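Next up, some structures in structure tokens.
You will see two complexes here that share chain A, one where it goes with chain B and one where it goes with chain C.
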Partner chain A sequence: MVTQPARSAVRTTTPAVARSRFNRFVPLWMLLPTLLILLALQLYPALYSVYLSFNRIQAGNLIWVGTRNYERLFRDARFIESLGTSVVFVGCYLVLTLSIGMLIAVLLNQRVKLTSLYMVLLFIPWVVSDVVAGTMWRWLFQQDYGIIQQWLNPFTNNVSLYANPTGSMIIVILASVWRALPFTSLVFLGALQTVPREVLESAAMDGASRITSFSRISFPLIRPTFIVVTIFTTIGGLNAVGLILTLTGGGPGGATQTSGVYLYKIGWQFGDFGQGAAISVVLFLINLVATLFYLQFQRERTMG
Partner chain B sequence: MVRSARQKLFDTISVNGLLVMVCVVSLFPVAYALTTSFKPQFEVLTRPPMFFPQQWTVEGYEEVIFNTDLIRYHLVNTFVNAFGGSVLTVAIAVLASYAFSRYRFRGSKVLQLLILGLIMIPSLTNLVPLYRMASELGLLNTNVWMISVYIAGGLPWSIWVLKAFFDSIPAELEEAAQIDGCSVLMSLWYVVVPLSAPGMVTAFLMEFVFNWNEFLVAVTMLTKNTAKTATVGLWSFQASFETAFHVWMAACILIMLPVIVAFLIVRRSFFQAILQGALKG
Partner chain C sequence: MNKTSFSLFRLTVVVLCIFTLAGVSGLQRTSALAEKPITLWTKLNAASPQTSQDQWLADTLKAYTKDTGNEATNVVLPYDQINSKINLAVQSKGDVPDLAMIDGQYLAFFVHNGTLMDLTDFVKSAPWFKDLTPSSIAACTAPDGKIMCVPGVQTASFVYYWKSMYPNGFPATTDDLLKEAARLKKEGKYAVTFKGSENFSLEVCYFSLMHSAGAAFNDENGKAAWANPGTVKVIEFVRTLFKEKYAPEVALATGFDYENAFKNADAGALLAGSWSYAFLNPLTAPDGTKFDNGPDSVSNAAKAGKLGYAPPLVFPGGKPASQANITGWAIPVGSQNVEGAKAFINYLMQTKVDAAFGVGFGAMPAMLSARAEDVFKGDYWKTVAEIQEKYSVPLPFLVDYDKGMLALADTFTKLVSQPNLDPMKELQAAQDNYNNSLE
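Then we have the complex of A and B:
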């Protein structure tokens, strides 16, 4: 996807022995387990899913229905609505995760004394599972006894934020950002540390403000990392299901039902595998388009 | 200098202040779960809610440990699946990323891109086919199947992390070892593996945390109570512990504890690896 010229330059020669005839197939043997597993448990199921999307399951048998699943999908008001919900969710999730993540990375990059302690504490949400996070966050906003709900009550007329479509979307977004921030800020911090200190210091001497030196020096240098993180955050947001499912189950009234959640419900709770497969193909295409879009952006910028 | 001593002091205070704030926000849900888990039932249902218990008790933990299958089955299964899956993923990924890093062969770049591209497939896409495969092979409700699926899901990530690490180790070291009579696998084992330990620890931790917390595949494949993992178990608690929030939170804490400990043990290697750009791409 993204090559790393600095690193690949290190790889100059193949080990001497490997050039002998006997060893020519060594890389193949080393790759064999990986290839077999990925073929059987990633590629085959994915292609099977594409095949399923052109079928209907009736009494355990597959019946070919052509593109009917897709036609039905784009007439399905709930699916169209779920796409809109996904856009809102992914948009907010992306902007908040990237901006707060970058802010935390900049703060950590000041190298104050307790930085390593802060990093450990900040990283705890990363090890929490979606279901556990969902359970804990639901408790924070519980209608009668939730501690954060308690603080909010004066502003919400004693009604739980969950009962409100916008409110539950806010909870879902905040909880997802909370889970994503540790990793994002750590990766950004790694990138920021590669920016040469001397350059920043001399810019400061020349009177550049911090904001200027961030936007003119640091950010352009870490742009490749920024793009990669953007891609994975977008894909992660589009495919996020576990947390939303445990927090709101897609409610109230479908307010937090992203396409991923809808796919889970259609395919799994209603057992409409063909329709579910069609949604997952559409989701994959969205992932692909988003990725290519961001990569294009990176190429343009580095060329110019 | 442009920045005076006074300004420096102000910087230090504001940076520390902001970081403390961020830490408090990021720890709050976990901390509140922890204090709730030590409350008795009536305190959980008291208004207004308090952060600390008035009366500390381990009732919630007793309930989870003795009256549910969380410790008996679910956490055991979680550990088997997560640990087995991560160790095997890293072992297989070491071989593959070594081949990608050290050998030039036709199609190497394309293959790497394809493997990385698998990350884009939504995990939901494969659920139905994987379920059908498992039921045909008679592997539903088994650890073997869960481990296999986790390996397949983790390989692209681990290969990515490990290849970056191998690339940063000069090939001359292995050449020297091979001239001294090591086979390829021996030089991999004795030279490359020790040097890339932080990379392997990182790949292992990422896989372990991911598998430990995995929910979608588990909830689909595991229907028998004795085969369920902790996340699925917690999910099915919903029915039985409606307002016993201290029990819920005790279960949450018990599920989080092992991964937090694992993270704390290897945090140095992990931070070092990610900061050095294991995921830079």
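Then we have the complex of A and C:
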């Protein structure tokens, strides 16, 4: 009679099982440095900002004031005005960036000669910093030596555009669109290149025009990318500060003072960090609502 | 674990250790820095001097090291960021400088935020205290009587003008200016240029007009009180200047582009401050004579009989007013080397050093003995001293000074660039908004 060896009461793990379990956690170990940095540099400051928005700082000490910063904020006509300015700025910036970006992407997708050169030239605004871009655009409209101002003088009766409320807003929008075009064009170009050429060719054979092909075939296929770019562009527009500060400083007379610029002035220039934090929380909520709105819109279109 | 996974794991641990060590050594370096002699924050570029102001500091730091054997390190910050950065450093309990250069109009901002140390005992017991002008001490004194800074120089606002464009001298009143402006417009020139935006516009360019029109900035409690007929009168006058193109529109923009019109003799006069001469270079007189001598351009143009100085502009029947302001030195809360900072202040408050500060900065020294130096006997300095003596008026007392002045300045710009708006209504709205926003 062959006896079976007694089964051990303790469950043992084979080396293969242990290796498998360990390998499952290796990706987490690899991600750990990035996660720690994200926690330290993004999550912690964000949570601290929320906490700061309920405080006031005096001589380095935090003093709890409850919702007083928010009450003062929503009573502040200049903040409400800055929200209005942001709406105008973001609206124009969004429409121009998306439409011109898409147009450039469609043109580049034709793969004509020197496409590579055009892409390099297109990328120049992207590699220039906000401060350099703002200074450059300010010089272009400088009264005495600005090239564009000199061209425009006969039409504007020598009025300096960036000293004028409407003119300065136009310049700020144009400069911001110029900076954002490389990103939007490139992303749209990448999306357009995923559209199957056979589909477009058969549509052409069926007599569809280019516009019809784009609107009925290409655009629906790249809609998810379009939504994502819209989200990024909206957030970028709402949070824009550097370019506007360099170009106009939020002036003249607050004409280009968006909420982001107002936040900078309240927090940094006036030293009211608590109220500055309150503005940042409000802007975060606006960004969040806008993002959820776009995503919901995308979901409804997909399901519809 | 297979070899590849274990190697990756070890690599991760090594990378984490490197970051940790880098952070720790940074902390040690910060601690080491705190033990070195004083660090000062100023808006002057001593390492690469661009103006006479920068050069003064560069020379003074070298002389300080030579005379005392101690080091003083300057950190240059932009003029429009230095105050917020000092405040930020103190509030965040971060890297606070031992000593900071401050302008008197920001004293209220610093007092409101508790940024500066009380220097009352230090100043009153100093050997140079009795040598300071009373108005310069007043500009450094908080409403509760505490002395929060040490004045170095005292500035004045006045007018630079091209003599050939104003052959009878710069007009004293607004009515006379409008007559001359109509004449200059026919010649294709602006009558005047100035900074018509931000706090500077109110502190320097509109200050005298506001006072001579009987306008008030604030009430006795530091709340805004600028919605009054006097302020409306100033706005109507400024509107006329721009509507009739007696002043360039660029004056309403942020920045300093408005100076070019005077430097190129496109404008007959510049409403500015005594320190502005350090930046008015190069100059081209109306007859084409060029002056490109750095900070000496203005004085050379004056000596050549091309350029003149005049007191600030007023409404008829009013008296000129020049902001009683100082640039001086303060010790932020949290300074690691208070004794070193005080020793440096004592060095700066010597007659010769303070006199050099005045010449380099473009302002009268705060010390009376320094004002007696021969260099201040020239026409330019006589004009500055006379304006200070006769026309000095304290800056507005607003609880949240920076916010209040910017709110009023923006309202001015808005009303000027949109002439259809009702001035009293807009001023009242800005006043109510500011007062309601106070804590």
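Note that the second predicted complex is superposed on the first by the 281 of 304 C-alpha atoms of A that agree within 3 Å, B and C clash if a C-alpha of one lies under 4 Å from a C-alpha of the other, contacts with A are read in each partner's own complex, and residues count from 1 in each chain.
Throughout what follows, contacts are C-beta pairs under 8 Å (C-beta built on N, C-alpha and C of every residue); 3 or more make two chains touch, one makes a residue touch a chain.
Keep in mind that what you see is a predicted model, and the values were worked out from it rather than measured.
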Contacts of A:144 with chain B and chain C, given as first, second, both or neither: both
Chain touching more of chain A, residue-wise (chain B, chain C): B
First, second, both or neither for A:155, with chain B first and chain C second: neither
Partner chain(s) touched by A:268 [first = chain B, second = chain C, both, neither]: both
First, second, both or neither for A:248, with chain B first and chain C second: second
Partner chain(s) touched by A:260 [first = chain B, second = chain C, both, neither]: first
Chain B versus chain C as contact partner of A:33, first or second or both or neither: both
Which of chain B and chain C A:68 touches, first, second, both or neither: second
First (chain B), second (chain C), both or neither touched by A:58: second
Residues of chain A that lie at the interface with chain B and also at the interface with chain C: 23, 26, 30, 33, 142, 144, 268, 273
Residues of chain A that touch chain C when the two form their complex: 19, 22-23, 26, 29-30, 32-33, 56-60, 65, 68, 72, 75-78, 138, 142-144, 159-160, 162-165, 168, 248-255, 265, 268-273
Chain B - residues contacting chain A, complex: 2-3, 11-12, 15-16, 18-20, 22-23, 25-27, 29-30, 32-33, 36, 44-49, 51, 92-93, 95-96, 98-105, 108, 111, 113, 115-130, 132-133, 148-149, 151-153, 155-156, 159, 164, 167-168, 170-171, 174-175, 178-179, 183-184, 187, 209, 212-216, 220, 231, 234-235, 245, 248-249, 252, 255-256, 259-260, 262-264, 267, 271, 274-277, 279-281
Footprint of chain B on chain A - complex, ascending: 1-2, 4, 7-8, 10-18, 23, 26-28, 30-31, 33-34, 37-38, 40-46, 48-49, 52, 104, 107-108, 110, 112, 114, 116, 118-133, 135-137, 139-140, 142, 144-147, 150, 178, 181-183, 186-187, 189-191, 193-194, 204-205, 207, 224-225, 228, 232, 235, 238-239, 241-242, 246, 260, 263-264, 267-268, 273, 276-277, 280-281, 283-284, 287-288, 291
In the complex, chain C residues that touch chain A: 1-2, 5, 8-9, 12, 15-16, 19, 81, 83-84, 87-88, 90-93, 109, 112-115, 197-198, 248-255, 257, 260, 264, 333-334, 400, 402-403, 406-407, 409-414, 416-418, 429, 433, 436-437, 439
